[in-house]
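Take a look at these structures.
One chain, subunit A, links the two complexes that follow: it is found with subunit B in the first and with subunit C in the second.
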Partner chain A sequence: MQALYAQLLVGLINGSFYALLSLGLAVIFGMLNIINFAHGALYMMGAFVAYFLLNIGGISYWWALLLAPVIVGIFGMILERTMLQWLTGLDHLYGLLLTFGIALIVQGVFQNYFGSSGLPYSIPDQLKGGVNLGFMFLPIYRGWVVIFSLVVCLATWFLIEKTRLGAYLRAATENPTLVRAFGINVPRMITLTYGLGVGLAALAGVLSAPINQVRPLMGADLIIVVFAVVVIGGMGSIMGSIITGFALGVIEGLTKYFYPEASNTVVFVLMVLVLLVKPTGLTGRAA
Partner chain B sequence: MPETAMAEAPVTAASGGNILQVRNLEAWYGESHILHGINFDVNAGEVVTLLGRNGAGKTTTLKSIMGIIGKRTGSVKFNNQEIIRTTSDKIARMGIAFCPEERGIFSSLDVKENLLLPPVVRAGGLPLEQIFDLFPNLKERLSSQGTKLSGGEQQMLAIARILRTGASFLMLDEPTEGLAPVIIQQIGHTIARLKKEGFTILLVEQNFRFASTVADRYYVVEHGKIIDGFSNAELAANMDKLHTYLGV
Partner chain C sequence: MTKSIASLLLGTALAVTTAGAAFAQDKAVKIGALSDQSGLYADLGGPGSTLAAQMAVEDSGLAAKGWKIDIISGDHQNKPDIGTAIARQWFDVDKVDIIVDVPNSGVALAVNNVVKEKNGVYINSGAATSDLTNAQCSPNTVHWTYDTYMLAHTTGQALVKAGGDTWFFLTADYAFGAALERDTTAVVTANGGKVVGGVKHPLNTPDFSSFLLQAQASKAKIIGLANAGGDTTNTIKQAAEFGIGKGGQKLAALLLFLTDVKAIGLETAQGLNFTETFYWDMNDQTRAFSKRFSEKMKNGAMPTMVQAGVYAGVRHYLKALEALGGNPHDGVKVVDKMKSMPTEDDLFGKGEIQPNGRTIHNAYLFEVKKPSESKGPWDFYKLVGTVPGDQAFTPLSESKCALLKK
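So, the complex of A and B:
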């Protein structure tokens, strides 16, 4: 039983990263109509920025949680202003090629300077240790990652579904021309949305640094699964990406316990099944 | 008809200065050249209607004024300010509001969110109570999904949401299209009341009978040009010509 709970926890942790990343992808796809293949590289940058902040600036994990998403988000907004914005109206393939190219360049640069092995990032003192829950031992940092990710996901959901700013965003996803004709600076909103999606990826990177170490290819490994999550959940829905993210992490964890051989493929098998039955994804809207 | 005739043709029905001045406006959709030199004026407080057959360029004229047509040349002056190169968000903030033919109700927003979506651009918009007074149906359906409303209610919502922004110049593109007579009547009453409140309205209509109940002046658009213009008082005298223009 101990092993089952442990795998469930690992599943929830991975689910947290899936949810944060697929949420950002969904928001970006909605507004920019771009499948952001650079997402994994930006997640990795989040972890590296946290590493630099700590080792060069002496800036703690807590500040990195705030600063890394902002710094990487600004980097993302510069990408959007200088490159992505010119893709408006072009076929999806162009966005895919451009963002994939950006991912390769960013990863290549980091690999050039840091190699492929991991750099250590230690758990902040306040979150070290663990608690015995009776049925299992819970490392505090892992519990923190799950809860904090959940809070950030729900806050993002609230921002988009329940606030005035979110109403602008949803409306501009449907009809940007009309929203602009109401007096809203839609191009600026698109830039900020990209920044938000990228910031979420960077935040996931910071959260993951103490667990998975900081590696140039940490995003490349993860992003393939995240795209499967997004396909399963459907691109259109915010809550859908959050729930699918956590659920698939848990399913993956359970598979590791019951049938370890399939744990690396279960997400992709599910993806195939969903595509066969409901090609728009579980919560997606028809295109 | 030569354009020189146009300059003297329009008769000003309402008081107030010239609020919109369109000169030699040309516009393109991609490669196709739609407007070939549109000239007309709208005075403050007037209801002016653009008449014309399908594809004549009426909607494109409204969209060009609003700044949502990619390529446009010539001159559009709003309150004496040139806006031909201005982006649509800035044009909206100058006080022009647009209600598109397809209504543009957002399906991912509920009725209340749709209603409150356009930001207030200046003081002087209608307060919500007055809007609900004009469109009581909307008040009862505030939490419905925007696109779950009937066609008539969607049209009311599309008009209602631009009334609270403070924009005083409204462009309505075929507000009666596809609606039941009783709802067309309600929209007619609304336009009359808005005129009384001091709004200036540029209307595009195929429904000439409806237009004649609300408009002060008419312009006829054909092949991307204004080919005629007259006031409501001159309507009877121009009936025959109008039938020929519109093919009715």
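So, the complex of A and C:
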């Protein structure tokens, strides 16, 4: 039983990454109608930016938490301005192909210069060590990841669902022409939204840098699972993607305990089941 | 009459040119470097292995003697079906004579069959499974550098003898992990130890915390890592995070490469014991080679033992071809010649290839240096001991290779 508690907690930690990443995807899909396949590459860039900030600029983890999302977010906004915006109104497939191509290029460039085994990034001194919870030894850093990402997820949900800005955003996706008639700069809002989604990916990247290697393929390995999470949760649903992210982390953690061989397929099995029973996803509404 | 003399001359001239062409054909060699070019094993093999093969060709000096040697490379993406498809295309369409490197035991065993079927030459340096020269040995195959038997009988044995008598395995769930776990378990039990449990994880797992908790709960003295590359670096890094090591349990990195240590960083990796058969900073020759190698790598990396094995293997292959006086395009014949010649090169020293295809050379026990002991960006290892080749690798008496029964 004690082992089970530990596995639940560990699952929650992985769930935080799924939640942060799928939230970014959901925001981008919900507001821009783009299936952002470059999300994994942008997550990886977040981790690399944190690494560069520390090793070249001597800038600590804490500043990286703020700076990396901003820097990568600006990169994302440049992508949106120069490329993605021309795809508005076209089939989803175009956005998917474009962002997939971008992901391959970005990964290729990083791999060319940094190899595939990655770079070390150590846990900040303030979060080193761990606490003994009785049933497990919890590294403080992992606890921090769960709490911090939960806060960020809820703040994003609040921003989009409960504030005036969020209302404009949602209205702009519903009927951009009408919202423009009210004097709101819709293209700029869309660019900023893409920047926000990308920033969330980069933030997840910074959070994961001390746990995993900072590797060019760290995002590619994760992004497929995250897409499954988004599909299960329902494309475009903010709260749905947060809850599904955490829940699937836990389910995956339990699988690692009871039948480890299946731990990287369990998410997809669930995806198939959900699609068979409720094709719009658990919380999704029909398009 | 004049006409017939002229045609006779023309005929002779033609005969000479065709003979010349056939002769030139005999000195043409095509090498295929098949590896994981972009995944978790790309740094330990990958583009560096292709470079090593190129350097071997340059250093052989055969180009000056009229040989024409081409190298092509391919990415098997750690998938046996892709690996065999590339190998078949290379033999059938591109007329490749020899395939080198091929990390990932699953792919390596699949390619082993293709090379045998096509009567090519196979010098494997990247894969670990000892089956390549044991149950699944082939007259076309030479296995350089290392294997799971060697890893088990060096690192594994040393740890059991030092008192690590209970083991828990974290095993990569494919041919390599299974072979390494099997060979290490044999050593552990033979030395009076016990395996108390284990968990099989999928290849390329980003998070090991679940598995590490299970290993922690097992209370085994040694947590044996039967995985490699990115999986090993992630395990070691996360084990440190979960305080494994402070609790008295010891990690056994059964297979660790130079690039893995670089990726983990000395801060976390210090004190790990493991075995390799090549390290760049062994002697003047290895340093000279590694410096040349590093200057040609995009990220300035030093060669791993796998890449060194590709270099040494290709050198020996070309020596055998030279001794044969030309390329017979007959894999078994070339491999037999390779086996009949003792191996000697700057990187592995003197050795031999056994009848089952296993290359025998020294193995070295290393310990990762403390950050304070490291003097440069690639100064990572302390030499702890040397195991002579005949003690490190499978004795012929234990080998189940069918080639030995002739």
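Heads up, the rule we're going with is that the second predicted complex is superposed on the first by the 282 of 287 C-alpha atoms of A that agree within 3 Å, B and C clash if a C-alpha of one lies under 4 Å from a C-alpha of the other, contacts with A are read in each partner's own complex, and residues count from 1 in each chain.
Note that contacts are C-beta pairs under 8 Å (C-beta built on N, C-alpha and C of every residue); 3 or more make two chains touch, one makes a residue touch a chain.
Since this is a predicted model, take the numbers as computed values, not measurements.
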Touched partner set for A:Gly183, first subunit B, second subunit C, both or neither: first
Touched partner set for A:Leu275, first subunit B, second subunit C, both or neither: neither
Which superposed partner A:Leu217 touches (first subunit B, second subunit C, both, neither): second
If touched residues of subunit A are counted for subunit B and for subunit C, the larger one: C
Contacts of A:Arg164 with subunit B and subunit C, given as first, second, both or neither: first
Contacts of A:Leu90 with subunit B and subunit C, given as first, second, both or neither: neither
On subunit A, positions contacted by subunit B and by subunit C: none
Sites on subunit B touched by subunit A in the complex: 66-68, 87-93, 97-98, 100, 104, 106-109, 113, 116-119, 121, 162, 165
Residue numbers on subunit A that touch subunit C, as the complex places them: 3, 6-7, 10-11, 13-14, 111-120, 122-123, 130, 136-137, 139, 141-142, 211-213, 215, 217-218, 221-222, 253, 256-257, 260-261, 263-264
Touch list for subunit A against partner subunit B, complex: 164, 167-168, 170-171, 173-175, 177-186
Subunit A-facing residues of subunit C, complex: 38-44, 46, 173, 199-202, 204-207, 209-211, 213-214, 216-217, 229-230, 233-234, 237-238, 241-243, 247, 259-260, 262-265, 267-268, 298-299, 301
